[in-house]
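Here it is: the structure, laid out below.
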Amino acid sequence: MSHGYEGAELLERVRKANPLVHNITNVVVTNFTANGLLALGASPVMAYAKEEVAEMAKLAGALVLNIGTLNAAEVEAMLMAGRAANEAGVPVIFDPVGVGATNYRTETARCIAEQIKLAVVRGNAAEIANMIGEPWMIKGVDAGQGSGDVVALAKRAAAELGTVVAITGKEDVVTDGQTVYVVGNGHPLLTKVTGTGCLATSVIGAFAAVERDAVKAAVAALTYYGVAAERAAAEVGERGPGSFQAAFLDALAHTTADDVKRTGRVEQR
Amino acid sequence: MSHGYEGAELLERVRKANPLVHNITNVVVTNFTANGLLALGASPVMAYAKEEVAEMAKLAGALVLNIGTLNAAEVEAMLMAGRAANEAGVPVIFDPVGVGATNYRTETARCIAEQIKLAVVRGNAAEIANMIGEPWMIKGVDAGQGSGDVVALAKRAAAELGTVVAITGKEDVVTDGQTVYVVGNGHPLLTKVTGTGCLATSVIGAFAAVERDAVKAAVAALTYYGVAAERAAAEVGERGPGSFQAAFLDALAHTTADDVKRTGRVEQR
Amino acid sequence: MSHGYEGAELLERVRKANPLVHNITNVVVTNFTANGLLALGASPVMAYAKEEVAEMAKLAGALVLNIGTLNAAEVEAMLMAGRAANEAGVPVIFDPVGVGATNYRTETARCIAEQIKLAVVRGNAAEIANMIGEPWMIKGVDAGQGSGDVVALAKRAAAELGTVVAITGKEDVVTDGQTVYVVGNGHPLLTKVTGTGCLATSVIGAFAAVERDAVKAAVAALTYYGVAAERAAAEVGERGPGSFQAAFLDALAHTTADDVKRTGRVEQR
């Protein structure tokens, strides 16, 4: 798969560049996100105050916005940071956590998508469906359904939002509305640790910092991420989600370009 | 012990129902709480904004309020969420972290207890004593004393607050003011990991989501929790609190109804 | 090394006193900080609301201020807590996270240093340089340079700020502007886990709670911290940063005064 090869090369570029990733994210996942980015080889920074977000966003290689525990002040900061990033040409990655669960989340997410030029939107199928007003059951944060639908959904969302869309789940789907890639790597234990979706979004940010083709960046990021998850799952065996969380951080640090080349499963649909 | 048996059955009901537990909790424990609820088999959501808490609380199987790092906006959100939960018949579980340490915590906790119908209040002995104006030394977050007193304290607090009270410590005491249950499971390593009390409260929430008898729900939750802690402690041996934290999440995932039946130690006093 | 010996004795005093350490810190590191202080044998409390910070700070053995994810309300609370601590004779330890990265951080940090009497300021070389207006590249949170410069920088900063300064990095430098100590313990894996600098600051707080000679307290704290890191690194071998995080908490719990005496490397420069 030529794309697995490109992903491997991108991972090396991320580690070499050690990009600064500015996260405005939810309080549940801040620690895990920072540790995951450090393990990858990126440089995380969290900054939320309206007095500094524009300045920080301009310094960064990528800006990640995540509305998991949004409030009015944070949303204002996200818009300020997003505009500054847009002006400076810094890619903005958006994680619409829980869109569809409450009106506030849905309205805020759409407002951000309208006002900020987004490089990638990553969510589960329910979140992406609710971003474009399609009915899809969401329970707090998650939802499932057939994979054929997910490809079609991703294409519609990419077209409507005018951005690259990444839907993660059993398989991950990445599309700009035209070309579609499906990443087959990953592991069910990812669903037993909070923040693995949010961290995936931030990892996409790190890859987008070194590769302006957002489809390529997202595919490479999710392939690396899934390969690392498989490695961690093999390591922990039956031990459980607490052990998996630590092992996954270990795996994010140790997964090499060569591992991605050998075990990445990417196909174009 | 017939109650150990009921607790086992309740654990199975929680896992089958995968209830949504809405937490408005402190910034120290959000990640651990979410991971603990996932390990149990519940579905955690954190939402704090006044624009959405009422809507989220109504969707949930239980609402957990925790004042560990309270501020005025969060308290307002707690009251809004609590009222919505009360209207919708969603059980509200309250964790009065640090009550007695500062006047603000004490006043806020009492205000919440007056304005919201609470299904269960869980705290350590010092927190529960301070909830009802009884002198009890508190040091930041913790305090100890003889267990006979704790039973009497729990009964007085339940009567005065008009709710089920759970006091956790060397032994856990649960009472509605009349019937008293004492859970003997648990492990001292729980006191070396931050947020184990807070997570216990959220686990009670998950059980209360599937069982409206709040005494039963709290007893079953704390028995399961203590059994899991013993399992984790056996697993880590002398390794220490960092290893225990991960092993405890593993144990919360792996502890079965059968484990609870075999090793739960509940007695009525 | 006579100072290694004193540090060992101080560690025992901390564990015996179990001091309450009040942290106003960033959302990324709250959980890790609380668990690290518990592992050491101190008693952590986090409290941020302006309604309670003064009261809590006066109860504490030390107050730790950390601007990692500052905002206007939190800065106001820091100043209130700091003034209360100063009045009550409670030592205040300051961690100027990311100073130099944005103007807001730089101005806020200098404002805190002017208005609050600080016992110790701990940061990396870039943060300390930016505290006193010296040019030093900072990338989000970190920066490196030769160690001879760091000693001179620490002395200038201590003189200008009128406080003890601790610069952590490959070697840790502690000085009151006159006497300089260099701690050689530590491990590169500390840079792969978020919040290890922040936790070091809080650990200095715990030591300062039992020893009013702030140089002694900081040297003893950082020696213990570095010894624990070496122990954890030996434990995890090649496993990676996720395993190291847990092993480090274990090591903070298990590192004894005797370990510090045997393996602490402190020299006066």
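Letters are used for the chains, namely A, B and C, taken in the order the chains are written, and counting of residues starts over at 1 for each.
To be clear about the criterion, a residue touches a chain if its C-beta (ideal position, glycine included) is under 8 Å from a C-beta of that chain, and two chains touch if they have at least 3 such contacts.
Computed from a prediction, not measured in an experiment: that's the story for all the values here.
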Chain-level touch network, classified as line, ring, star, complete or other: complete
Superposition of subunit A upon subunit C: rotation angle, C-alpha, nearest 5 degrees: 120
Copies subunit C and subunit B - interface residue numbers shared by over half, same or different: different
Rounded Å distance between subunit B and subunit C, as computed from the means of their C-alpha atoms: 33
Residue list for subunit B, restricted to those that touch at least two other chains: 27, 31, 245-246
Touching residues (chain side subunit A, partner subunit B) in the complex: 26-29, 31-32, 68-72, 98, 101-105, 139-142, 191-195, 239-243, 245-246
Residue ranges of subunit A in contact with subunit C within the complex: 20, 22, 27, 30-31, 34-35, 38-39, 43-49, 51-52, 55-56, 59-60, 73, 245-251, 253-254
